[in-house]
Structure formats: structure tokens, C-alpha cells
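The two complexes that follow have subunit A in common; it is paired with subunit B in the first and with subunit C in the second.
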Partner chain A sequence: MNKSIFYLIFSLLLLNISFSSQAQTSTLDEETRTALKNRVKTKVEDFTGLLGDIVNQKLSQKTRLECVNTAKALFIGQCLPYKVEENGVMVNHRAVFMQTSSVNRSTKNSQLMSKYLMRQYEMGNYYQISIEAIDAIRVDNIYKVGDHYECMAYWGQRYVRYSKDGGIQYGDFTKKGIRCYITAVDVPGSERIFEISLGDVYALETSLLR
Partner chain B sequence: MKNVYYKIVALICLVLSANMGKAQTMHVLIACDTNDPSIGTGVVVNMENLSRLAQEVIGVLDCESTITVYDAPKCTKENVMSWIKNLSVEPDDVVMFMYSGHGGRAINDNDPFSQMCMNNPAKQAGFLPVSHVDKWLEAKNPRLRIIITECCNSEDRGIKIKPFYAMAAGNYTEESSYNKKALRDLFFNAKGKVMITSSKASEYSWICTDPKGFGGYFVSNFIDSFNDAAKSGRLPATWNAIFNDVHSKVSQLKFNHDGRTYTQEPFAQISEKKSSDKDIDHPDKTKTGTLFESLQYLVNSNIPVDTRLAKISEIYNRHFTPEAKVLTIAANGKSIVDREDAMSFLKRITLSHNIKQISILNGDNENRNSTIKVHELRK
Partner chain C sequence: MCSLFPASAQVMTSAKNRMKEIMIRDVKSLDEFGARFNGEESHVDLDSLIANLVELCDVSIDSPESLKNQMLSFCDSIINNNVKFTLLSPNFYADAECLVSYKDKVYNVNIVLQQEHPSESDIRWALKGIRGLVKNNIITIDKYLDITPVDHELRFMSLTDVINENPQYSFRYRIQNTPVDQLSVFLTFIQEKLMKIESVENVKFYCGDVPGYIYVIEEKGNRTKKSGWTITEIVSASDEDKALFFQNLTKE
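== the complex of A and B ==
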């Protein structure tokens, strides 16, 4: 008898969870969902373009620095620690990070996005670097998390370091993933406004460039 | 021999000077009664959709253009007349006039087109007959004139037939998905007159007043049919094909209001002749006068990025108030998919490699804005 009650309660719980999940994903209609996915795609496109320009030494230092600042503005918290409301409570979050990888390392490194972008601008001891997105950006389904929405976007990145004589010192291809945040603001007497911010960037898979 | 040489040079100069300043230009005026308490919210949607359509066509054709948008209270007969009077039209130019608002007709008026109520439906002396706009534009002798109106064409005892009068003598009154050849056929390879209105004589025109809606039933279907000709190729690129399609769609609709059922049948007079493919002179995109020109300047990749970045402060101060916001509208014309500080927006579009044009759906071209709505035409 106890077992039967247990299984009944367990089944009811599962049913409730599945209904809740449906409710969480069903608040955006299909047309809005498609529009937001396209917008996420264009924002990630803009980011990958800016990244390529940050390391492009044919551009002036002033322009490259402007690219750093513009790229920072695309991210949640503008690459600083930020607060997000979750279940009615304001929760502190650390600043956005960038995960990088190399075929020469077994581990992946994570660093603050703001630091990563400045490091690319400064270029360290490297003579010339090229970073470009070479795959079409793919955006996964948008899902509700607390009072906002999130989704993941993916693209392929080609990273090459050149020596002074123009030869390739190092080159890899990395599949990248980025978390994106979508908040909805209901303005009284007006339309609903969505704001999209980029989040953490992950290095998913890295292979040597052939 | 010298005499012959000088005569030849003079002749070449004469021919060159005759051809200078002959860039084909598309002149667009959009007049919308956006403040009307009953239909204003739907008219705002129409205005944004029509503005975007015009800007995208101009962007894809990459032609010289003038775009003027009169929302209420600028939506008046006097302003439209003044615009036409001051319009400088070359023989190869295209002129497009679009109106959304209230309309009506006098009883026993033989004119199949309505009178536009402009921004004051209570003041019939201020109504402007669509056919008058047609005749004034005809007098300007453009290559092609296009007049699209969404307004009622129902009879009203309070409306009087307006006599036509000529302007006073001496006063001249996204790459996207578009098929460029189709647009050229519709605008610059066509000649004649296109006049389309949303309902025939004695009928009302219907509009969705939800600010999140699609605007007028005629304008929204017109844009769909236009896109079927200019983008998907489902329709041939002719104004007759576009009109027949929108006529077929709108005529089938039924509108229930106060216990009665109404229908609405668009009406047109179209005389279009095709001519051979003409070259289009491309506009000077290095000027930054109006808001539209300034934004196109910033996305013009033919200008060095350092030069464009250096212009941002000046553009920001001229066109935006402090803490101004830019709202980005999606391709569906409704969803607001982004909100940015104006300065962040200007920098982002300047540095982006992927933007062909910024269409302004809602914004003052001349004065400072606290909020503008835009749509990005991406490469």
C-alpha cells in the first residue's frame, strides 16, 4: 500500500514537473522566438567581427581599442560583476569569462572577458594574429530561466599566429559556445521590449589547423 | 583648325553639363495621421512599415533619394502641397506618395478615389483629394508616380466635392532578400502612373488598432504582395500583379462592426510601361545632414573606419538627447528585439562588418531624439 502511494505521488510529481517545463518554454510565441534567435545570431556575429578587428594590426590602435570597448558593451554587466533577479531575489554574479584552449594543452583556461579582450589588443610577444569565425552561427532553443530567457549559440573559430616572415607559428580550429541572456521589459502602453546580452564563452573542441 | 577644336570642346562641355545632375532619384513622402484616438495606434504601425519598405527599397537599389515622413501634427494638406511645390523632379525620377489615416467622399462625387482627412477628420476644408495629389505630381513630370493610400472611401454628407486647382505658376508645387532586378523593374524601369487605394467608392477601410498588431488590412497585405514580387518572385514584378494579388486577398475579408458585416475592395488606376534596363546613379553617402544620412554614413564601409569613428560624437550630439535609446525592430516589423544606449548603438554599427543599411522606422530626421526605432538591413 505504501509503495503504491509512493509511486502515485512520484508520478504526480513527474507530471507536475513536465507541465511546469512546458509552461516555462511556452511564454514566447514562435514568431517572437524566431525574431530573438535571429537577433542573438547578429549580436554574436558582431562580437566575432570585433574580435577579429581587435587583433588586426592593419587598423589603428585607436580603432582596435574602440573595438575592445564596443565588444565589452555586448556582454551582460558590460564585462563587470552584475546582479540578476532570480525568483524575486537579486543574486550577485561574477563577471563574464572567456574560456580558451590549445592543442598544446590538455586543460582549458578561463579568464575574465575584459582581461582576454585587452590581452588580444596588446598581443603580447606575438607579431601577428588572426581570429575569424568561419562557420555559420547556430542558435539553440530559447528557454526560460527565472524571470529571463537564455540560449546557447555556437560557431567555429579559426585562430592563427604568424611569425615575422609571414609563416604560421600556430593555428587551430575551435568550436565555441556562448550563453546569451534575454530579458523582457513590459512598458505600460507600449510594446514589450527585449534586451539581449552575451555571456560566458566556452571552448568546446579544438583541433589543429591543417 | 583651332576654331574647330574649340567648337568640339564647347560641344562636349554642353553635353556633359546637360547630363550632370541627372541622377535618378526616388522621392518619397509618407503622411500618416498617427494621433487619431480611434485608429492612431494602427496608423503608427502602418507608418513604420511603410517607412521601412521605402528605405529598404532605396537601400537595395542604392539610388539617390529623399524621404519625408509627416506624422500628426505635420500631416496636413498644406504640408503635402508645400512638399510637392518644392519638389525638384528630373524626368527620370520616381515619386512615391503614401497616406494612412481617415478618408471619405462626397455624395455623388464621380472621382473613384477618396479625400484624405489628414490630421483632422472634423475639418472637411482641410481634406485633400487623392486625385489632386495625382494631378500635381503629374505636373512635375516624373518618370513614374506611385500613390498608395489606406483610408475609408465611404460617403459622408459633411464632405464637399473639392474643385481641382493647379499650383500657382512658377511655384513648383536589406540585401538581403530583395531581388534587385525586380525592384528596378518596379521603380526605375517603369514609366507612367500607379494609383492604388484601400477601398472603392462608398466603402470603409479597416485597420487593426492594437499597437502590437499589423496596422491596416490593406497596407499589411499590400506589403506582403509587394514582397512577393520584390523578394520571393511568387508574383511578376509589375504593379498590376501586385495590385491584383492584394485586391484578391483584401476583397475576401469580412469585417463585423456594430452588428453589420462589411467588405473592402481595393481600387487602382495603373498605367505602367516598361522600358529597358537603366543604370542607376548611386548617391553620395559621405554627407551627414539628416539622421538617416548620418546612420548610412556610419555603416558605409567605403569610408575609412577611423574617419567614421571620429564623426560619432558630432552625430550623437546632433541627433540624440542625453541618455537616448535605440530600439531595434525585427524583420517581422513588430518585435522589439534590442534596446541600446544611442552611443553604444552608433559605435556598434560603425564597427560592424555586416550592416548594409539602417532603416529608421520612427525618429525625427532633423531634431534630437530621445528614442528611435530602427531595423538593420544586414549583408
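== the complex of A and C ==
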């Protein structure tokens, strides 16, 4: 009797593993792709909204710091270096980067996302900063990459630094692109769950605010 | 620091709407470029494929008249031959201008990539070639040094002499005109941590799918007119020209 139970459990385990493998390699239907694109858009909007809150001096320091930690959790590896299994080997990945640009600089600057978020929270010597997303306008097609999916999303970001009298010290408009990761997880006895994580953010182009 | 000008809500709303208008019209990604090229999407102000194709061409190639005529012939060729844009085309190459560090110096090299299907459902970019190792004298492959013609009598003892003592000239000891796979050299340097890619400075895409032409796609930031991914160069090319061009793109 114990042997029968053991074989039953073992078979169920094998079945679960094979279902999971199938989920990882199967393609997405159009309805699922559209739903995922909308979810990616929402995730990016979550990030841009949190970024605006992190620099918002009207919020308490505690709230703004909570926004930093919430924002970090949106990203793959939670903004730390991570490893992913790919074709039977563990591939190392660095932590997520944020690329920034300025009309006053000819080169773009890349830094760890965790550092960037903390710097926005600390805000240096600036009196007031506003970071606002114009719109997360476009999510590109979703591509299968090994055992997960990836896509790019783009939005326009307005960055403004104000002086004490409410005037604008500096303002720019940057087109941003962000890499998005979609992983499928099969839950036994339930529907397939998709998890979305954000990745590197690229500053595609910056122009002076006018 | 003094403020540049006082902010008013009306000015900010107007600027925001202007930015949104720009974002909608911008070709924000190659994905969007391809969708407009293939007639799957359209610029909001246009309603024909030919108008969309012309709009995808940068302002630098729609004048003077000679360039404009070439551009229009190029667009006609796309429509007449029902050419579709796809990153997976064997005639589509990415040329990434990179800075690499090697022995405490930084050099410009070009890494060439193509997309491929490793399996039916997967797509990947992969390295196709590299240019710059010879130009920067990181390796020298066009001169030769001798292994003594009597070395066989010494059971080739000088291999442990001349090559080990002159590692910087190691490529010069091969048979004349033996091709050097520079991509393999580059990847070995990377594997052995002798070389590191510091940054990608610029990316261009070359495509030879339009009959009679090679065209170049780059990202341009001219916010007063067209901006985003646009066709910045169109060159007339026969099939032979194309084969030679793409062969030279992937090696020095």
C-alpha cells in the first residue's frame, strides 16, 4: 500500500514538472499577448508613478522611501545581480541599469537602478523636482526568449527642476525605453500565471523642454 | 540659481500636449518602423503606404531633387516588389559601434550582429563579425615571420622559442594568406578577460531586401521634423554589390 502511494505521488510530481516545461516552451495566443501587453503597460505606469512620488517633496520621507523599495521590487532581481538558467547553464546577469541623459551633456550616463532611485529620493541640493510620464504609449511585440518572454515599452518623461520662487531651473523631455520580462508559472489545479518584471531603462533621446 | 522663467499651468499643459503629439508621430522603435513599412500601422496624419514610406525617410535624403528622386524610386521598388521589413532577413545586419578596453587602452570597434531562429519559436541576436582589431593594431595579420626551414631537424624546438617569446607576433607564424577569424579572436580575448566591451556608442542597421538598393536605418533626434528610427541613406546596389558590401561589413 505504501509503495502504491509512493508511485502515485512520484507520477503526480513527474506530471507537474512536464506541465511546467510545456508552459515554458509553448507560444502565446493573440488574446493572451494583448492582455500581457496591457499588463506590461500597467507595470511601466506603476514604475513611472512611483518615480514621480519618490521626488515629490509634499510626501513624507517615510512614504518616499517606501516608494523606493516598492519600485525596486518591480525589477528583475529586485535591482540586485541575479542568475538565470539558460540551456543547462547558470548565466550571470548584472543588476538592472538606469540610463539618464541631459541636454547639458553629450554622453548618456548609466548607473545601477538601485543607486538611481536612492539619488532621486535624496535629491541632492535641488529644491523641488518633478518627474512625470507623458504616456506609456507603446508596447512592442512580445518575443519568446528561451523559457520566458520579453518585450520593450516606450514612454515620454518630463523632468523639471524648480527654484524656490516656482520658476523652472531646468526642464527636459526624454524618450525612454524599458526592457520587460514575462515568465509563465503553472499553478497545479489553476490557470497559468504570468509574472512581469522590469529591466534596464534606456534614455533614447533628450530635448530641452519648451 | 535664478529661475529661467516662471512656470504657468497653461504653459506646462501646452508643452505636455505638444510632447504627446510628438510621441504619437515619432517612430519609437524598429518594431514600429517595421509595422509602418509593412502597412500594418500608419502615421496618424497619413493614409497611404507610399506616404508612410516617404515619411520613414530622413529629411537628409529628400533633397536635393536627385536624392528625392532616388528616394521615390526606392519607395516604388518596395511597393512594386511587395517587400516586407523583417529583422530575420538574411540581408539585415546590425552594426554596433563599441568602445572596448584592451591592455589599459580604449578602442573603437564595430560588432556586427544578425538575428536567427535557434528553434521554431525562438529568435535571438547573435554575433556575426567584428571590424577594428586590425585597424587598431590589436592584432597584425598581414605580415609574416619565419620558423627556420631546418626546424624539423630540431623536432620543431623553436616553437617554444619564437612563438612564446613573441606572443604579440603570434599571427605572423601562420601559412601565408590563411584567413584569421577575427570574431573568434575577439571572443577569445573576452573569454580570457583580456578585453571588455565598455559601451555601445551607436547602432546602424543595414538592409538589402529592396531590389536594387541597400538602405540604412538609424535613430535620429530632430524634433522639429521627423524623428525616431528613419532611413538615413539609400544606395543603388546590384545583387553582386550587395553580396560584396555585406561580406566587407563583417570583416576587415
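Operating definition for what follows: the second predicted complex is superposed on the first by the 181 of 210 C-alpha atoms of A that agree within 3 Å, B and C clash if a C-alpha of one lies under 4 Å from a C-alpha of the other, contacts with A are read in each partner's own complex, and residues count from 1 in each chain.
Methods note: a contact is a pair of C-beta atoms (placed from the backbone, for glycine too) under 8 Å apart; a residue touches a chain by one contact, two chains touch by 3 or more.
These numbers were taken from a predicted model, which means no experiment stands behind them.
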Subunit A as common anchor, with subunit B and subunit C clashing or fitting: fit
Touched partner set for A:185, first subunit B, second subunit C, both or neither: first
Contacts of A:27 with subunit B and subunit C, given as first, second, both or neither: second
First, second, both or neither for A:163, with subunit B first and subunit C second: second
Touching partner for A:36 - first (subunit B), second (subunit C), both, neither: first
Partner chain in contact with A:70 - subunit B first, subunit C second, else both or neither: first
Partner chain in contact with A:195 - subunit B first, subunit C second, else both or neither: first
Touched partner set for A:62, first subunit B, second subunit C, both or neither: first
First (subunit B), second (subunit C), both or neither touched by A:205: second
After superposition on chain A, the shortest CA separation from subunit B to subunit C (Å): 19
Complex contact set, residues of subunit C against subunit A: 1-7, 15-16, 19-20, 22-24, 26, 28-29, 31-32, 121-124, 219, 221, 223, 227
For the subunit A and subunit B complex, residues of the former touching the latter: 31-32, 34-36, 38-39, 42-43, 45-46, 49-50, 53, 59-60, 62-63, 66-67, 69-70, 73-74, 185, 190-196
Residues of subunit A that touch subunit C when the two form their complex: 25, 27, 134-135, 137-138, 140-141, 143-146, 152, 154-156, 158, 160, 162-163, 165-170, 173, 175, 177, 204-205, 207, 209-210
Contact set on subunit B toward subunit A in their complex: 211-212, 305-306, 309, 327-328, 330-332, 334-339, 344, 347-348, 351-354, 376, 378
